[in-house]
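Once you scroll down, you'll see the structures, which are given as structure tokens.
Each of the two complexes below includes chain A, the first together with chain B, the second together with chain C.
Here is the complex of A and B:
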């Protein structure tokens, strides 16, 4: 099964996967699932100096049939308090939508998500309540984000 | 399964179904939504089916529970009527839609969706015997 999937996997995806495994980006790991080579288990370390520092966040990523003409689909599986990530882990990030370009890769997407953790953007919210919290009392919102990181992302 | 087919993993498939359910589709005679907006595994769903006209079900609104386990959509969801209904494929004790008398569940295919199930249940209400079977009072529920 894995072999037959593999033989039909576009060369671009094979290349990207090999590079992700051989030269992982710092603080990011992505490995394809055995049953489905378009489906990746992803881990992202919370960036230093962010409210997510010390957290280990699990995500899932899927390359749809029309990748790389269409962007990968990505979401958080670990609960996270962030204005651009909703309760189901869906991410509001322009390059996952209208700003996608086939010149981008899985690696660039994951780096952008890591950067989003360092720079939450409450002006383009997905989680309205969290964004409001961020704008009205950033200190308190950041404290909640730290608390959630400790509760849900402490590297189990 | 064709070996060139791209398999959409469970969670992304359910996210697609969620978005379709939120946007609405078709003529509005069937609809569905997720029960717990914080359940990252999207297991529990509630569907509604509006009874077709020219049947005993005309105008009734039926509530149907669908449970998508870890092996969905390789395996069908568990489907159960919450509203009481007298129909051949529905267990009259529990409201469970019995796969052996509802071919869509028995001969499940991975590309079938919750929308397909609800649409098929509505079609079932219009078939020969089901359209005329005496029905319990409107609004009563299976208790289990």
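Here is the complex of A and C:
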């Protein structure tokens, strides 16, 4: 049925989109852009008991031509103080690179990113200064993360 | 053994190096085996047979194990019998469980790649029973194969499953084109994972060369005719060592702009040496398969040695300390100095390049000779082709000598200025060799032309034969001396009295001999030729030159040491 109106879009993407809209994962919303059905506007709620609690983070997600054989491209649009996310919003996450599997989905990717917010990993950093901060004075780094959340992720 | 390319004798056809047909040549030779595609496949099949019969695994699994253990049957056996479970886990050989799978009873299954629900018989799964539809498998395999040789260690698409996807499954699902590529990678893995085997670097050549352990010489001749150094894969460069050649080639690189960029922006992988550009991400680098080496971008040390010990993952103390000690500026400074010696470089480069073009021309001539001219000569001079081998031998000698001579200029460039004694000796040997070569080449080219252009058989053909064969063997001896001297680092040089400097390479023009048409041109040879070149500054010659073979004999000798010709004849 959908194949006729989105002739270039693989059925997998259509089904994934339908499911994302009908059964969204808790704390996550993803909706395709109207002009480009491979481009998603994503919102992730800062997980409880994390420095990002109470924040609402905006991301963009793009499904490349060879998706799902190639991983989606994801980037934070909201500024965030996190050792695995750099100032351009790029994310250091294994499943977005060499650990990608075509059996993973947009949903699993976004859940992994949500989990990354709960458990920053300063041992495999992307933003070196933030990672250093995290390792030397975690309390202070967490406070900065909270401050950033308040400043940049509180109202949309 | 003779030089005729041996027939397909499986693994036993050991070709010998280029100096093969002379018993008086004691120089060491490279020992190696040329492997054709078929030889490689046979060896792979043999190794797989070995493994699956001993370990009682399928042939596909044997292939997976062998590729993991770099095609060493003994390493597979050792690891397997030491800890089978661990090996299975590492390579992804999951044992078939007897319990039924989660999908038992279901007629239709959902493929978790395309989300289609299909009859079970249209779905495929590895031994882990993660079912996906055939077209998704084909896509998955296509992506993996086009990503490179990593497809040889393909795993189940399920994100948390590490079951290996073996050759049989890949080939049953891959498109024709992908299957061909996969076969290619399979074949290549035998050579590329194996430290003793390397591909012949000639374009389009499909032979591989296996060096026999213990061989100290690296110059090999592939069955395609390409001569190369097995160690560094550049063209054969004996007697100059690989480091000098690498430096020289880097220096000559026509794409020096490109090279500068690569030097400035990339670092070689510490393990496989491929240049790597870091464009983003952390300092934890993983080289692409098959290397997969994990290292620190800053200090190029193994990643396994990083962590708290080096000041945390984001700071590498080893790099900081080394930088303070100035280790990292050394290469930079050296490059700077090299730039300043441009003039010296041009001198050596011109001679290097001229010899190379001479070599190429001589090689073309040799091919032409063997293809057509030899027939001509045979007809005109009424000689059987079998009796004309000396002409080709002479030309082959010219080709080889030009090659050696060419590399001696790279050697000369890097010879230290302070070592005047060595430099003098080197230039003397080089001059002698070059001089001999000029005579040989002139005879092989000009004199030969006379016989080719003649209307009928010429009476002095036999003299030509003797002369050319003599020059060939004499030149060979000069070059053997040169090769030997350079290979032992000019260690024979006597530090006290510096040998004559008139034998430098630049002296060739002035001392060049016009070889007499007559065989007994001894008077001319000894008077104006080499004898005077050997004087130590005074007028007394220290040597006399044999008129037949041109060997330089001590004044006391009445008979030539080399060919027993009586002095003065």
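Assume the second predicted complex is superposed on the first by the 151 of 156 C-alpha atoms of A that agree within 3 Å, B and C clash if a C-alpha of one lies under 4 Å from a C-alpha of the other, contacts with A are read in each partner's own complex, and residues count from 1 in each chain.
Just so we're on the same page, a residue touches a chain if its C-beta (ideal position, glycine included) is under 8 Å from a C-beta of that chain, and two chains touch if they have at least 3 such contacts.
Not measured: the values here are computed from a predicted model.
S.K.: In the superposed arrangement, does A:90 touch chain B (first), chain C (second), both or neither?
M.R.: In the superposition, A:90 touches chain B and chain C alike.
S.K.: In the superposed arrangement, does A:73 touch chain B (first), chain C (second), both or neither?
M.R.: The first partner, chain B, only.
S.K.: For A:104, using the defined touch cut-off, is the partner it touches chain B, chain C, both, or neither? Pick first, second, both or neither.
M.R.: After superposition on chain A, A:104 lies in contact with chain C alone.
S.K.: So, A:62: does it touch chain B (first), chain C (second), both, or neither?
M.R.: After superposition on chain A, A:62 lies in contact with chain B alone.
S.K.: Does chain A have more residues touched by chain B or by chain C?
M.R.: Larger number of chain A residues touched: C.
S.K.: Who does A:36 touch here: chain B (first), chain C (second), both, or neither?
M.R.: First partner only, chain B.
S.K.: Which chain A residues are contacted by chain C in one complex and by chain B in the other?
M.R.: After superposing on chain A, chain A residues 90 contact both chain B and chain C.
S.K.: For the complex, which residues does chain C have touching chain A?
M.R.: Residues of chain C touching chain A: 112-116, 130, 132, 136, 139-140, 142-143, 157-159, 280-282, 284, 286, 307, 312-315.
S.K.: State the interface residues of chain A toward chain B in the complex, per the touch definition above.
M.R.: The contact residues of chain A facing chain B are 4-5, 7-8, 33, 36, 38-39, 60, 62, 64-65, 73, 75, 77, 79, 87-90.
S.K.: Mind listing the chain B positions that touch chain A in their complex?
M.R.: Where chain B meets chain A, its residues are 3-4, 6-9, 11-12, 15, 18, 37-38, 40, 42.
S.K.: Provide the residue numbers of chain A that touch chain C in the complex, in ascending order.
M.R.: 10-12, 15-16, 66, 68-70, 90, 92, 95, 98-99, 101-104, 108, 122-126, 128, 131-132, 135
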